[in-house]
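Structure, as structure tokens:
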């Protein structure tokens, strides 16, 4: 119906306070519930309640990103926040001893919280006062000017995989490092053999799994010219794999060991090969020749997306899936 | 309305930061600390994007920074949760 | 039981060597074709078509069609078009009615639910149709499936009344139509627990 | 034969560790020759880079060919090069030591040997990326790489104490990163740039937002560098970790965070280093110096003593900030960098030697350490040399560094800070002397079949300690001919 | 015309959402609340999707809305059963008048 | 029209806030979980309405991601946080 989003008609508060009262109310309510949920997520007396509040906080955060005109972040928050973070927290909760799960805090207000509260309030006020005065010039125009040579049409993807690709490389490194760190702590920690689920669950996963795969590719494709890209795509893939694991599937034996580790390392490796290869071919680290930029970025994006999917699944598993006899089956 | 643009979001980000930082210091349970840290980090992310929005053209650099930050936060959270689980099992 | 996550290609080249393999492969072709067609349609819905979209779309559909989550096959989905046409209106009507009933119950100042657990003996043969039925029960008036057992489904009924079993019987028949299945002979009506 | 270009060397230094770590992890094997070859190659690259920088001075490299505010820069500065070099030396020593230390140990130790090298290389890559970074956000990501690798290394033994220490370290580290990111957000909101030079050019020192940003950056890094009130995580993490890990952490990781403080306050934020800011940082340093020193005196376990000494030594290093308030900053920066380099070499040597001694004695208690006998003698020698460097006896590197700072203090008439420096040196002397006295004058017999101490457990520590002692002379030249070092740290 | 019909559908959807929420708050136990969730909310989302689809003239986008609805229906129906089953297995007995 | 969509989204948001009471009150974990589920559905609707208001197509993708992940939390919950008592009867699951 409306081809391009018109920047003025419905745009919340960009510029000179043209916000409609409904929008302001919406934002206020949204942010209010976010703050309440954040407080609950930290301080709820029951641990489970805290975790559920935090998951909901993530949901609302995604809506907040939408309101801030950051659909890229909203996608990532939706796929990571609503999918994996929640699953990770709930699974962790299940691995804690039952009496620690409920862990009620004493109701008495400790005196020591008062100074902290005062300091927090003071800090908040200062932060707010400071941030309100910031002019925020930004690099928007510089990015726009460089877009023709970027190799992709989406500015965020251009920043992530071209202008600041070195950051992204290191960040993939952080993720791989997290996997190695978890694996270095010892084996897969799934406590007991989980019972086979109700038949409805495998049926659901069988139905959804191809859709997960398809939408992974969809988001990778989208990343070239709109919100999308390797992170949300990888997160969706991981969500599909995690769902399959939860429905009773096992990491296949022929995938364990070397193939799995190569899949985990593939994203970082592809990044490094391209970056250093360009140093060798062009003479500058990470300098895509403009005519090849889009294909190189696409290669990195695919490798990173698939690798991120596997890495996130590994993060969910929380340990190396080697213990075949003891673990599941 | 006379509110400067993004005021509400700035207020919320400051509050989230405060809640998170406070929780990180006062909570005993490690899981709560991790949640508090995530809340505070979300506050910082909100701040970054809100600030990146008030320029003339929408600035994609903060968006990219926040995307990177989200992934980093998730990775570190996963490690923290892994540590918590292992600590639980070695509880005396 | 071998349960593997993902990466079980449908077309197993090693099996093509012997005769039965070829026969089985040919027998599986229509199912694979249907799968590919559905996924391609979904890809079109997602992307809105276009040349660049299909450059990604063809491999994407192929991969999505050939990867399985490693949870066993779960049985064949053989749907009948006529059955679908007969099923849809019933489903839409019941879904609407179910939502209305819940809404009225929730909004009405004095009415309260009067729930009860009943067992409903399923006449559908085991397989995807049963699971489909069990999920469907959650969407129609006043019923919520809780457990699927060999004997049937345990159902939580929001307001006990005779109409529930009638609805379920109709629904079961439509599901059987949808899956082109024959119902087992009646095993009697649902018994109160 | 001409040396490879600086750009090529930087690329090798930052990507080779990551590539090697990925390969080691993916292949699942630990060919020791390969890991050592990677470590050696990195060391050579760092040496060549040092040579290049000596000839060419500061150089700037655009990543991806994108110009300043949009793209990311690498900046090869003299101080950064010193850190890269020290990292390479300590990294190599640690790799050799680690290969020897984790070798032939059954059970969980086999697992430790398997993951030690990838993690070590990741930390190494993160450190190298930090030392050449000139971009606020790039620093954040590199810091995360470094922190996460260090946390995993602390938890390596997977014992409860180690896990606890790792968890505490992780939380402190993440807290630091978060505050740091807040500072980045505030500065970006003010100026819309992340690049150091662009920021230095635009910085308005009177502006409240910029000040808040600077404070946030500093607090974040203070938490990562374990400076006084935020030091609580350090002794546990360093004291409980495996010895090669402690060496890396204490010598390099903490130093990297501190180096970033130097880099920021002598680079983009230089204009803000006023009397108030400098004094405040100095007071924190003095607190750390005394607190860490006194606690080190009270420790009864060897590695905890060394760990507390780290807190104290970084307090000493903090004193560069008040000294840089007025007057010529170059010698102060040079002194600070040399102090870090000295600490890295000496402290790493100390931890490696401590690990050897603990293994030789079968006990961590200072009173039960084996004496100056057998092969343990070499470890003790390393301890003595490293102690000399830490205390700052001439002609060690520590002496050159402290001498530079003392000179500045005298020339500025900063008697107050001078007194604190002397007190700190005395404290260092006291706790290290107590260690030597207890162990050498009243040695325990040690376990009856003495454990085998392979050269891998002895040589790295000894070499590092020797280097810390011997490079003092060279550093004096390096420094006193002036220009080399001073040839423009950018932004100062 | 389709504009008006769309608005009506969306408003109806919103009302069903409201009833689902009220049911969630008023109903006595987890099973009855699941009824409210699985029926009222899925239909409500369907109505909203249908309303938006009427305002839309791109076929692919209309079908995307349908896809979203179908996904929510499938997940919603399965999850309701899963929660009910888990609740029974944990010894939560259904509330009875 | 934009205002209509926004008002609808606001209405749903208010719904969510009211439904929070169930999260806080419980009483069982299942109650909290199912209100989380409700919130997921509502968030999809909110995103759709925001799409109606702004016309940014990416919002449909966000909604799609929410929809496809809707089951994630509940499945983890029943399989990991609250796994069924192994002693419970297994009456021949028909698989």
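Should a chain be cited, it is by its letter among A, B, C, D, E and F, assigned in written order, with residues numbered from 1 in that chain.
Heads up, the rule we're going with is that a residue touches a chain if its C-beta (ideal position, glycine included) is under 8 Å from a C-beta of that chain, and two chains touch if they have at least 3 such contacts.
Predicted model only: the values in this text are computed from it and were never measured.
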Item to check | Partner chains shared by subunit A and subunit B (touch criterion as defined above) | outcome: D
Checklist outcome for this item: Note, CA centroid farthest from subunit D's centroid sits on chain C
Checklist entry - Between what two chains do the most C-beta pairs come into contact? => result A-B
Checklist entry - Centre-to-centre on C-alpha atoms, which chain is most distant from subunit B? => result C
Next on the checklist: If I average the Cα coordinates per chain and compare with the overall Cα mean, which chain comes out closest?
Outcome noted: A
Checklist entry - Where the CA atoms of subunit B average out and where those of subunit E average out, how many Å apart are those spots? => result 31
Checklist entry - Hey, how far is the Cα centre of subunit B from the one of subunit F, in Å? => result 22
Item to check | Intercentroid distance (Cα basis), subunit E paired with subunit D, Å | outcome: 58
Next on the checklist: Taking the mean of the CA coordinates per chain, how far is subunit A from subunit E in Å?
Outcome noted: 27
Checklist outcome for this item: Residue ranges of subunit A touching at least 2 other chains are 1, 67, 69, 72, 93, 95, 127, 131, 134-139, 143, 164, 167, 171, 174, 177-178, 181, 185-186, 197-204, 208, 211, 215, 243, 247
Checklist entry - What positions in subunit F touch 2 or more of the other chains? => result 33, 35, 57, 64, 68, 71, 75, 77-78, 82, 84, 93-95
Checklist outcome for this item: Listed in rising order, subunit E residues that touch 2 or more other chains are 20, 34, 42, 44, 55, 58, 61, 64, 67, 71, 74-76, 78, 80-82, 85
Checklist entry - Touching subunit C in the complex: which residues of subunit E? => result 15-16, 19-20, 22-23, 26-29, 31-32, 34-36, 38-40, 42-44, 46, 58, 60-61, 63-64, 67, 73-74, 76-78, 80-81, 84-85, 88, 94-97
Checklist outcome for this item: Counting only contacts in the complex, subunit D reaches subunit B at residues 137, 140-141, 144, 148, 151-152, 155, 158-160, 163-164, 166-167, 170-171, 174-175, 178, 181-182, 184-186, 188-189, 192, 194
Checklist entry - Mind pulling up the subunit A residues that touch subunit B in the complex? => result 13-15, 17, 19, 21, 24, 27-28, 31, 34-35, 38-39, 41-43, 47, 50-51, 54, 57, 61, 64-65, 67-70, 72-73, 76-77, 80-81, 84-85, 88-89, 92-93, 95-97, 100, 103, 105, 110, 112-113, 116-117, 120-121, 123-125, 127-128, 131-132, 134-141, 143-144, 155-156, 158-160, 164, 167-168, 171, 174-175, 177-178, 181-182, 185-186, 189, 231, 308, 312, 315-316, 318-319
Checklist outcome for this item: Given the complex, residues on subunit F that touch subunit A span 2-3, 6-7, 9-10, 13-14, 16-17, 20, 23-24, 26, 29, 32-33, 35-36, 39-40, 43, 46-47, 50, 53-59, 61-62, 64-66, 68-69, 71-73, 75-84, 86, 90, 93-95
Checklist outcome for this item: In the complex, the residues of subunit B that touch subunit D are 17, 20-21, 24, 30, 33-34, 37, 40-41, 44, 47-48, 51-52, 55, 59, 61-62, 65, 68-69, 72, 75-76, 79-80, 83-84, 86-87, 90, 92
